[in-house]
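Take this structure first; my questions come after.
Letters A, B, C and D mark the chains in the order given here, with residues in each chain numbered from 1 onward.
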Amino acid sequence: MRDKVVTAAEALAEVRDGALVAFNFWGPGTPLHLMRALQERGVKDLTICTNNYTLRADVLREQGAVDAAILLPQTRKIIVAFSGVQQEDSSASVEIARRVQEGTLEIENVSHGLFIERLHAGAMHLGGIYSPIGIGTSLENGKEKRVINGVEYLFQEPIVPDLGLINAAKADTLGNLVCHGTARAANPVIAMASRYTVAEVFEVVEPGGLDPDTIVIPASFVDRIVRIPDDDPYSRERRVEQTLRSVKYRLEKMAEAEAEAAQGGGA
Amino acid sequence: MKEKLTEELVAMRAAKELVPGDYCNLGIGIPLNCAAYAAEGVLLESENGVLGYGPVHDRESLDENIERVDWDIADAGMRYLEYVPGMSFFDMLTSFAMIRSGRLISILGGLQVSEKGDAAIHSTSKDDIASKIGGSMDLSWGAKRLIVTMTHCSKDGSPKIVRELTMPVTTRGRVNLIVTDMAVIEVTSSGLVLKEFAPGWTPEEIQEQTEATLTIAPDVREMEF
Amino acid sequence: MRDKVVTAAEALAEVRDGALVAFNFWGPGTPLHLMRALQERGVKDLTICTNNYTLRADVLREQGAVDAAILLPQTRKIIVAFSGVQQEDSSASVEIARRVQEGTLEIENVSHGLFIERLHAGAMHLGGIYSPIGIGTSLENGKEKRVINGVEYLFQEPIVPDLGLINAAKADTLGNLVCHGTARAANPVIAMASRYTVAEVFEVVEPGGLDPDTIVIPASFVDRIVRIPDDDPYSRERRVEQTLRSVKYRLEKMAEAEAEAAQGGGA
Amino acid sequence: MKEKLTEELVAMRAAKELVPGDYCNLGIGIPLNCAAYAAEGVLLESENGVLGYGPVHDRESLDENIERVDWDIADAGMRYLEYVPGMSFFDMLTSFAMIRSGRLISILGGLQVSEKGDAAIHSTSKDDIASKIGGSMDLSWGAKRLIVTMTHCSKDGSPKIVRELTMPVTTRGRVNLIVTDMAVIEVTSSGLVLKEFAPGWTPEEIQEQTEATLTIAPDVREMEF
């Protein structure tokens, strides 16, 4: 049987320019090792589809990310629900603003719910869905509107990524995956929707090493498994270290901000 | 000038809307503070995929517990969560089915609310390049009840409760209750009804700082926490 | 906090005539205790939405079902992907055929995939979906057809059941559920799609008694929990006994059939 | 009259299409028998929600093991499954995402197959009151490769490989390969190609029992198992 367990470079060897790449970007469960490998792979004109794209230069620097604007120079379009690109101290925000203005970067705003349901519609190979989200908002722009049983909906296209990069806690060698805590997020749906799915994991076990009742992503959705090397900047241990560093950094920032005593609400 | 309520007090008042057995999602900003004041038996949800979360590590508890925190358990705003019995983890699709189901109360931070119950939550300007919608549109559309918490006025003193939104719309006609640092206001089919005023303020003074017209509830009373 | 753990009769006290009721009917994971309670509740004009409705009088009799045509007399419409109603020895098949002919029972055929994706569309509160399934078949009848990017799709309406009856292995008192084996099937999606969901379980534990990483159905989707009493005909133990009896019965039937040596293919 | 192949042999031949690393769903009827002959490393799926299942309890093994069978582990046809390492369980939504994904090979039983690759799988008559579609339409639409196994002719001797279906359509233009008790036939854009014949039969004899026209492959040969 074909061995699914490979290195990140091997797993991404056939990714092409212009690919539609989806990943989960929400703290735990972010496939940082694979994102870095894709950056190193050097493909360009990517469309990135992600729940979040919080390119906070400050935090990322603290987390040891190779580049605060990871994948950005290789990207021509971003489909995203939340991106913190306007952090004042983020070099990425300046870069994004510049490229949007010069017309070399397109941003498609979605909601978190639209993001995940369009990917799921892709997984089911639907032609489209009518979603109630975004009626009366800027998300109506360019969308077909339809009233069904007295309620307004917007037509939404499914998303079928060429490449899905996911993170999970553990894999067996067949490709069955288990997740831990809130590291699940968009990973299961991205795995199901993508034409080609690569999973980075912290541990690989033999078949039978996972309780079949607890498997979150079955093997058939997973094309390649990359065990994150122990000396990798994104190994489990180093990720915890980086999180600690970044949390300590943020605690300091919060203390500073509290000192400034900003008053009032916000989104 | 008279004192308005602190964020803590606004959050305390909003949290009083929750009763045991309720499910509730708390948006970033003031709503996050409600977690500390919600009654026992309220199950809190975060849209990245956790229900029934308990204490959120704040600055002090992180400092104290930093070696035993599970860094894979966080809420949508990347605040780390303590493990509590009865918690469950799930994926985003399950989370947004839950959010759309009308089973959750949403308490969200607001930038503007109109007299028709429209709300601007995610962005101050249509020229905003950043994507900031996040879960706000789903949470406000699907809520069993939508509570918006915010300061009554923006920093420059201009009213945030308005006749028509001037900021990008997050949701149309979905707001049920507004809790500010001056008042509790219900959104009804016949407009805004002032139900409670902050200690030290009169209904008239609150109307002065509100662009939309308020009807004074017959049983209007001072806010309690 | 409101106590979710009640008896089946209590859980179903407010079900009304004409309700749209969904349940999983696929061997393990079939909510037999609740189905019987609904039958006893006596509501009528139900629409039943189920993956399967295999009213095999022979097997059901062996399994100790109270009525081979369970819920059928109370039903005016069935939305179903597979129903074995043409088993020769099934009194239910005769009854279904008779009622369809006299126009008092409507059957809406779906595929298993359509069944589950329409329920899921209901869970997401969509207005409708375009599905590729059924193009060129009788399922086209009465459906809007649309070509999207060169592919034909049929418009499918979401299903939002008034009542979802589900089965799970274990619950905690908050309503979090875990499943075992193939007893999962349609139960999670029915729980998510229904306005009111009742779960029958074999065991109830305190909060903290379930590993949060392994919970299949989170508490907010579950309105009531019914612990199946140990002396119930559908208790875990009696279900295993019944399954054993029914398997032995089927083994005999298979042996007889093999003796008849039927040749050839089939669906 | 010459002997046609047994169901076992048809299943053995169909199972040869599977190679390690393949994922495959087996329909009821002849396909179920393929489980016993599939190469190691083929992961079998059943649409109720199991991947990587192994031995199916048959009559003998049930008789022998009836006390230690896990009655919560069954396939779509309610055949009980032995626990094997690497198995996974999931819900129907995940299962049908998998089935639609083009990642599974489907081996389904057929009632009729046309020269265009249409297939009747679920019902013999449009007057059928019973719902019998089950997973057949999803499985045939979404398959990476659709293999139909069946007897070459029905019991009354009429051909099941036809120019146009007379039975209700399950799927249009999706069949890739037909394995019968007489032949292996590939469905191509230019029609049906006879690739293999059962031992003892000639291509001409197979054509006689086939309504649709067969092109004889240049490398046509006897079936092996």
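One rule holds for everything that comes next: contacts are C-beta pairs under 8 Å (C-beta built on N, C-alpha and C of every residue); 3 or more make two chains touch, one makes a residue touch a chain.
Small disclaimer: the values here were computed from a predicted structure and weren't measured.
When the C-beta pairs in contact are tallied for A-D and for A-B, the bigger tally goes to A-B.
Between the CA-based centres of subunit B and subunit C the separation comes to 38 Å, rounded to the whole angstrom. Centroids built from CA atoms put subunit B at 27 Å from subunit A.
Measuring from the averaged C-alpha position of subunit B to that of subunit D gives a distance of 56 Å. Residue numbers of subunit A whose C-beta contacts span two or more other chains: 113, 117, 120, 124-125, 132, 179-181, 212-213. Contact of a single residue of subunit D with at least two other chains is seen at positions 89-90, 96, 100.
Here the touching chains pair up as A-B, A-C, A-D, B-C, C-D. Put simply, subunit C touches subunit B in their complex at residues 1-2, 120, 123-125, 172, 174, 176, 192, 206-210, 212-213, 215, 218-221.
Every residue of subunit B that touches subunit A in the complex is listed here, in rising order: 7, 27-30, 46-50, 59, 62-63, 66, 70-76, 78, 80-81, 89-93, 95-96, 99-100, 108-111, 118, 121-123, 126, 128-138, 141, 149-151, 154-155, 160, 168-172.
Every residue of subunit A that touches subunit C in the complex is listed here, in rising order: 113, 117, 120-121, 124-132, 146, 148-149, 151, 153, 178-181, 211-214. Against subunit C, the residues of subunit B that register as touching in their complex are 20-21, 23, 40-41, 43, 45, 51-52, 83, 85-90, 94, 96-98, 100-101, 103-104, 142.
For subunit C in complex with subunit D, the residues that touch the partner chain are 26-29, 51-53, 78, 80-86, 93, 96-97, 100, 107, 109-117, 120, 132-139, 169, 179-189, 216, 239-240, 243-244, 247-248, 251, 254-255, 263-267.
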